[in-house]
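Following: one structure in C-alpha cells, then a few remarks.
Chain lettering (A, B, C and D) follows the sequence in which the chains are written, and residue indices restart at 1 in each chain.
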Amino acid sequence: MATLSLFPSDPVQWAWGIVLFWLALGFASLLLQGSQRLLTRLLFPLGALGALAIAGVGAVGLSAPASSIVLPIGLPDLPFHLRLDALSAFFMVLLGGVAFGITVYASGYFRSMAAGPLALLSLWYHLFLAGMVTVLLADDAYAFMVAWEVMALSSYFLVTTDHKVPEIRSAGFLYLLIAHVGAVSLLLTFGVLQGGHGDYTFDTMRLAEMTPFWASAAFLLALFGFGAKAGLVPMHVWLPEAHPAAPSPVSALMSGVMLKTAIYGLLRVTFDLLNIQIGWWGTLALALGLITALYGVIFAAVQSDMKRLLAWSSIENIGVIIAAFGLTLIFYTDGKGALAALTLTALLYHALNHAFFKGLLFVGTGSVLHATGVRHMGHLGGLMRFMPWTAWLTLIGALALAGLPPLNGFVSEWLLLQAFLFTPGLTQPYLNMVIPVAAAAVALAAALAAYVMVKFYGVVFLGQPRDPVLHHAHEAGWAERLGMLWLAAGCVLLGLFPAQVIEWLTPVVRLLTNQTLLNDGSWLMLAPVSAERASYAPLIFFAVVAVVLGLTVLWVRRVYHGRVRRSDPWDCGYPEQDARMQDSAEGFGQPIRQIFEVFMKIERETPDPFSRTPRYRGASLDKLWFILYAPIARVADWLSQQAGRLQHGRIQWYLIYSFVTLIFLLIFTTR
Amino acid sequence: MEIYWLLGIPLTGGTFLALWGCRRHAPEINALFSLATLLAAAFLTNRIIVDGPMMVGNGWFFIDSFNVFLVALTAFVAFTTALFSRPYMRIEAEHGKLNDKRLRLYHSSYQIFIAAMLLALTTNNMGILWVAMEAATLATVLLVSLYRTPASLEAAWKYFILCGVGIALALFGTILLYFAAEKLLGSGGTALLWTHLNGVKAQLEPTVLSLAFVFLLVGYGTKVGLAPLHSWLPDAHAEGPTPVSAVLSGLLLNVALYAVMRSKVLVDGALGNDMAGNLMMGFGLLSVVLAAFLIKRQTDVKRMFAYSSIEHMGLITFAFGMGGAVANFAALLHMTMHSLTKSAIFFAVGHATQKAGTQLMANIRGLIKTNPTIGWGLMLGTVAILGVPPFGVFASEFLIITTAMHEHPWATPFLLLALGVAFASIFGKVQPMVFGETELPKLPYQPALAPVFLHLGLVLMLGLFIPPYLAAWYKQAAHLLGG
Amino acid sequence: MSVTYHLQIVNFLAALLLLISFAMLSQRRIAGLITLFAWQGAALATSAALVGWSTGQHHLYYSAALTLVLKVIAMPWFFFRLVRKLDMDRDVEPMINIPTTMLIGIVLVIFAFNLAQPISELSGTVMRSTLGIALACVLLAFLMMITRSKAIPQVIGFLAIENSLFFAATSATYGMPLVVELGVALDVLVGVLVMGIFFFQIRETFDSLDLKHMEKLKER
Amino acid sequence: MSTGILLQLAQTLLAILLAPLLMGWVNQCRAWLQGRSAPPITQPYRTLRKLFHKDAVIAHHASPLFRFAPYMIFACMALAAGIVPTLANDLPFSPAADVIALVGIFALARVFLALAAMDIGTSFGTLGARREMLVSFLAEPALLMVFFTASLISQSTELPVIVETLAHREFALYPSLAFAAVAFWMISVAENARIPVDNPTTHLELTMIHEAMILEYSARHLALIEWAVALKLFTYSALGIALFLPWGIAEQGELGMLPLALVAMVAKLLAGGAVLAFLETISAKVRLFRAPEFLGTAFLLAVLGMLIHFMLEV
C-alpha cells in the first residue's frame, strides 16, 4: 500500500492524478468565465485527454496487480482509501473510452453557449467525470459515498442547466430525490456490511462474516440503492425525465457511463464485499431485470420525443444487464463457475457496448437538436440529406443497439443467449422451468429494440422533412463529427474483434468468479466453452457479406447498366402527397401501444373532424407512476396533515404536551 | 485568565451598547466586541490545546474538550452573525421596521445573550448552568418580539412561557440533583460542581437521579426543541429578525443540548443502565420523524428551516442516545456542522427575504438571476444541510446512520423515511426559489455574504478533512461522554 | 426536641401551600389570584426562615428576605397596579371547569406523593414529606397554567411553579448554594420585568390580555 | 478444407440459382390448386431478367441508403443460404454464424428493408415498414426459440452439429420438436410474407405488408429484392428440412453422398413447396391485428417446445 507520492508510479496514483487534473480543470473554468473560446477550445479538449488517459490507466490496470493508496483526506479514522483492481480498471476503460468521444463532441457542441453558464457547466461536467472515476477507485464506504453523491449532485446541476423550463426543474428534482434515497439505502448497506466493528474500509468488509439473513439484507438494500441509480423498475421513473432534460453530451454521459457505475457497485458489493451469495438473489435479480428490459423497450417504442425514447431504451439495456447479473449469480451459487464466467463476460461486454452505442446515439440526437432545435420526432424527418455525417454515424449506433450483426450489440446478446442455453446443467429444477421463459423474454426485448431503432432512425433521419425549417438544418461541426466517429468506431471494432475483448475481460472475470472463460476459437472466432457448441466469427461474417455485396454490385453494373431516372414517388393516384402523410412517431408506435396497453395510461386528444387546424396529441404515460408513486405522495401528504394538527397554535395545548410528556416519563421511569 | 475575558467582553459590550445606544457605528462596535470575544475564545482554545482540560476560579469554571469547541464555535458564529447583521439590520431600519430604541435593545441584548451562552458553556456549577440558560432565554425573548408585529409578539410569548416552564422543571431537576449530591458532598457550594459530581457519580442515589434526569431532560429538552416539546421553536425562529434566528438555531439549541449531555453523563454513572440513552433516542427519533413531516407543509422559508433545526437536533439527540465512541463523535461533529450550515442558510435566507419583502417561499423566485451569490449560497447551503457530500453534514450522518444500522436496526426505517421526506420537502421548495424565472429587480446593494461562504467553506473542508487536533477534541469529548 | 415542633410548623406550612395551590386552581378572579400568590410567598418566606433558624443554615435568611421582598411585596403590588391599569378584574372562565380541574388536581397530588415516597425515605433532612408536597404544588401550578386562557393568570401560575421549586429547595435540601439562589432570584426578577414589558406590548397590539388573540401561528 | 471451400461455394451458388425455381414451383402449385392455368416454372427468372434490363426509377429525394439497401439484403440472404446445410454438412462458413447469428442476419436484412421503405417518405413505405416490424418482433424471438429447442437437444447452436445429431440419433419421437415444427411453419409463413399473414400478390394497401415496403423500388433494385425474397424462402425451406427431416444430407467428407443428397434435397423441396402452396390455398388471409395473435401463438408454441424439452427430455 503505497502512499501518495508526487510522481505517480502505479496505476491508481495515475488515476487519482487525473481526477485531480479534472478537478483543477473544473475550477479553472470558473476563472475563465470570461472567454468562451478558451473554455471550448482548451478546457474541454484537455478534459477529453484526461478521459483518454483514464482509459489508458484502466487498460494497464486490467492486467496489473491491484494497487492502492491512502489519501490524507477523509474522516479522522477513515482516510480515503483508493484501490484499483481489474473490476475498477474495466469500468475505467469503459468510462474513459466513452467519455473521450463525448467530451471531444462536447467541445464542439457547447460553442453555441454563452460563456457564463458554460463556465458553470464545465465545472459540473468535470466534477461529474472526477466523481465517477472516484466511485470506481473508492476502497472504503466513506470515499465511495462521497464520490457517489458528488456524481449525483454534479449531474443534477448538469441536468438543470436549462433551469428556466419548469419541466426540467421538476425532472432534476425527481432525479436528485431518488438518487438521494438510493444513497441513504446504500449507507445502510455499508452499515450492515461493516458488521459491528466500526471500520468502513472495504478490506474489513471483505473479511466480515455474515449470517445469511444480514447478507440478504445487505444485498437487498444494495439492489435497491444501486437499482435506483441504474433505473431498475420500479425505481426508474426519474430516468426518462432526467436524461432528456440534460444537454445531449451530458445525457450521453449519464446514460452511457453513470448507469454503469451502479452496475459496478452491484458487482462490487455482491461478489467482492459480501463473502456469501445466495441463489434466490439471482432469481430475484433475473426477474427484475427482465421486467425492466421489457418495460423499458415497450415504453421506448411509444415515445415521440427522441431523447426520451433513448432514455427508455437505456432502461431496457440496464434490464438486460441486471438479468445477466442475476443469471451469473444463479450459476455462481450453483457451482457452475465456467458458466458464471460466461454470463459475467456477457454482462460486462454488454455494459461496454451499451456505453458506446448509447453515447453515440445521444450525441447524434444532440447534433439534430442543434441543427433543428426540435426534439419531438413528429417535426423531424429526412435529415439524412442535410446532415449525412450525423446520419450515417448514428445509423451505426442504431444498428448496434438493435443488436444486429456484425456490430457490437449483437455480440453481447449472443453471449447472453448462449449462457441461457447452458441452463440444463442447473440443479434446481424450478429454474429449468423459468429460464426458457427468461430467454424468450430477452429475445423479445432484442426484437423490440430493433423495432424501436427502425422507428427512431426512420422517423428522424429518413423520409421527408415534416417541418419546413428542417431544410435549413446544418451538418455538425468537425469536433462533433470527430467525437461521433470515435464512438462509432468503438461500436464497429467491439463488434468485429470479440475474441480480443473477451481476452481483456479475463482478469475481471477471474477476479469475481475465480474462473476464466476460455475461448476455443482462433483470434477471429468467438467460441466460448467449445467450438463444437457454438461459434461466431464476425470478421468472416463481415467479409462474406462485403464480398457478396461487392460482387453483386460489380455484376449488376457489368452485365446490365447503371442507368437511373429520377421522378416523384408513386402517389397511388392521389396527387396531394405531403410529408405529413408519413407515419408520425405516435403512428409508428401504435401497434405496440395497442398490444401492451395494459402497462400504460394513455392520454389522447383527437381533433374534431371539422377543425381547420387539426391537432393530434397522444401520450402514453407510465402506469407505475400512478399506481405506485402517486399513492406514496398522497400518504405522505396525509401524514404531514396529521402532524400539522399537533401544531395547534394554542399555547394551552403546547403546555398540555409538555405536561403529558412529563407525567408519562415520570411514570415510565419510576415503574 | 482568558475565561474572564471571554465572559467579560460580551458583558461589558452589552452594557456599553445599552448606553451607547444607536449612535453611529453601533453595529460596528457590536461586531468589534464579538471579534474580541472570538479572540478571547481563540486564546482559551489555544490554552486548552496546549495544556489540556483546566479548572479556573477555584472550580467555578471548568473547561474540557467537550465545551471548549462549543465555546469556539459559539464565539465564531456569534462574530460572523454580527458581521451579517450589520448591513441586514440597517436595511431593516431603512425599511422602517425598526427604530433606534429597538436597535439599541437588539445590540445590547445580543451581547448579553452571547455572554449568557458562554457562561452556560464554561460554568462548572449545574445551578449556574441553569441560571445562564434562563438568562439566555430572557435575553432573546425581547429579540424575538423585536418587530412588535402581532405574530412576533405571539411567538415571543409562547417562547417565553413554554421555555420558562420547561426551564423551571429543569430547576426542579437540578434541585433533585443537589438533593442527591449533598449527602455525599455535603451542603454548600461544591455540591453542584459538575466535576465533583462526576467524581462521585457512581454513589449518587439512582432513584433520585432518574427522577432528576426526567426533569432535566424535559426542561432543557424544551429548549433543545425535542418533539413534542418543540412547539415554541418554529414560531420563535421564524418571527424574530434573521440574525436572531441564526444564533437561536445555530447556537442556543447546542447549548441546551450541552446541558442535557452534562446531566446524562452523571445519570449514566449513577444508574449504570442506559435508561437515559433510551429516552434520548426516543425523543430524537420522534423529533426527526415529526419534523420531517411538518417541514413538508411549510410555506414560510424561515419556519421551514426552523423545523429542519428540530430535525437535526433530533438526529444529534438520537446519536447521543445511542452512545458509544463513534455515535458520540458523530453527534459532536453534527452539532458543529449544523450550527455552521444552518446559520449560513439563515444569512442567505435573510437577504433573500429582505429582497423579496416576504418570507413566503411562493413569492421568492429565481434568486440565481437577481443575485447569483445569494442563490448559490442558499442552494449549496440547502444541499449541505440535507446531508449531501462532500459537505460535512454528510460525514456525521454517515457515521450516525451506519452505526444505527448495526446497533439499532429497528430505528433505521424511520431515519430513512424521515430523511427522504425532509429531502423531498426542503429541496422541492428551495429549488424553485433559486432557479427559474423572476421579475424581481436585481439587489440594489451588495449583501454581506462573506459569512455564508466562509461557513460553507468550513463545512466543505470538514467534510473532506478534519484537522487532527479538532478530531482529537471530538474523540476526547466523545470519550468523556461515555464513549 | 425543639426541632420536632418546628417540624410540625413547617409541615403545616407545607400543607398550607398545597391548600393555596388548590385555591389558586379554583380561583376565578385575577385579584384573588394575586392575593393568593402573595400568601403563598409569605408562607414560603416563613418556612424558609424557620428552616434556616432550626438548622442554622443562615444563608436561608437571605433567601427568605428575598422572597419576602420580591414575591410578597414587589410582584403582587406590581400585578395589582397592572390589573388596575388595564382594568380587567373580572371573572374568567378557565378552559376546563373547576370541579374537573379539582379532580385532576387530586389525582396529581396522589401521583406526586407516590413519586416522592421513595425519595423522602432517603431524605436526611427533618422534613420528609415536603418534597412530595413541593412536587404536587409544581404539578398543580402547571395544571393551572394550562387551564387559564389569560396572560396574567398564566404568569402567576408560572411564578407559582417557581415558588414551589423554592420551597422544595429550602425544605428538602436546606436551600441551594447561595450563588444559585441569587442567580435564580435575579432571573425571576428580570423575568417579571420582561413580563411587564410584554403585558404592555400585548395590550397595545391586541388591546386585551386574552390569549385567544395569540393563536395565529399554527400549521394551516 | 479446399473441398470444403468448393462445396461451400457450390452450395451457395446452387442456392442462389435454384431459389427462383422454388418460388416458381410454389406459384405453379398454387395456380393448380386454385384451378388457374399455371405460369411456367421459370417465370421468376424471366421477371428478374426483365427487371434487370429496365432503367431504375428513383424518387427525387431518395437517399443513398435507399439504393444501397437491395444489395445489402441480397448479400445477407446469400450468406444465410450459404450457412444452412442443404447439400453437405461441412461448410467453412458455418462456424462464422450459428443459428443465433442466422436470426441476426435475417433481422439485419429486414431492418435495412424497413429503413429503405421509410426513406422515400410516402405513406405506404412507412406503413409497410411498421407492419413488417410488427410482424417480426414476434416472429424473430419465436424463431430463436425454435432453434433453441433444437440446440438444447443437440447441445449446440452450430447448424451442422444440430443437423448431424438430429440426423443420426436413433429414431426417437421428440414432442418438443413437434411443437417447434408447427411453430416454425407459422413463423416461416409470416417471415416470407405468405398467406395468412401477408399476401405476396396483393397491392391493396389495407392488407399489404411486404409489397408496401418495396413499392418505390424498380428495375434492378426490385430484381435484387425479389431474388432475395426467393432466397429467403429457399433458406427457410432448407432450414425446415435440415431441422425436421435432416436425413440424406452429406456428412463431413462424404463426397460420394453428394449426388444422392442433391436428389434428396430437390425431392424434399418440391414436396415442401407443394405443401406450402396447399396450406396457403386452404387458409385465408387474417386481419392485420390478428397477425400478432397468430405469431403470438407461434411464439407460445416455441416456448412450450422448450419447456417440454426441459420437462420430458432431460
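Convention: contacts are C-beta pairs under 8 Å (C-beta built on N, C-alpha and C of every residue); 3 or more make two chains touch, one makes a residue touch a chain.
What you see is a predicted model; the values in this text were computed from it and never measured.
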Number of steps on the shortest touching-chain route linking chain A and chain B: 1
CA centroid of chain C to CA centroid of chain D, Å: 101
Chain B and chain C, separation of their C-alpha mean positions in angstrom: 31
Inter-chain centre distance, chain A versus chain D - centres from mean C-alpha coordinates, in Å: 36
Euclidean distance of C-alpha centroids - chain A vs chain C, Å: 70
Residues of chain C touching at least two other chains: 115, 118, 142, 145, 154, 211, 214-217, 219
Touching two or more other chains - residue numbers and ranges from chain A: 643-644, 646-647, 651, 655, 662, 666, 670
Where chain D touches two or more other chains, by residue: none
Chain pairs in mutual contact under the definition given at the outset: A-B, A-C, A-D, B-C
Interface residues, chain A side, partner chain C - complex: 643-652, 655-656, 659, 662-663, 666, 670
Chain A residues touching chain B - in the complex, by the definition given at the top: 72-76, 141-142, 145-146, 148-150, 152-153, 160, 163-164, 166, 169, 172-173, 176-177, 180-181, 184-185, 187-188, 190-192, 194-196, 198, 200, 636-637, 639-644, 646-647, 651, 653-655, 657-658, 661-662, 665-666, 669-670
List of chain C residues in touch with chain B within their complex: 57, 115, 118-119, 122-124, 131, 135, 138, 142, 145, 151, 154-155, 158, 161-162, 165, 168-169, 172-180, 183-184, 186-187, 190-191, 194-195, 197-198, 201-202, 205-206, 211, 213-217, 219
Of chain B, residues touching chain C in the complex: 125, 127-128, 130-131, 134-135, 138, 141-142, 145, 148-151, 153-158, 160-161, 164-165, 168-169, 171-172, 174-176, 178-179, 182-183, 187-189, 191-192, 205, 207-208, 211, 234-235, 239, 294, 297
Residues of chain B that touch chain A when the two form their complex: 157-158, 161-162, 165-166, 169, 207, 210-211, 213-215, 217-218, 222, 228-229, 231-232, 234, 275, 279, 290, 293-294, 296-297, 325-326, 368, 383, 386, 388-390, 394-395, 397-399, 401-406, 412, 415-416, 419-421, 423-424, 427-428, 431-432, 435-437, 463-466, 468, 471, 474-475
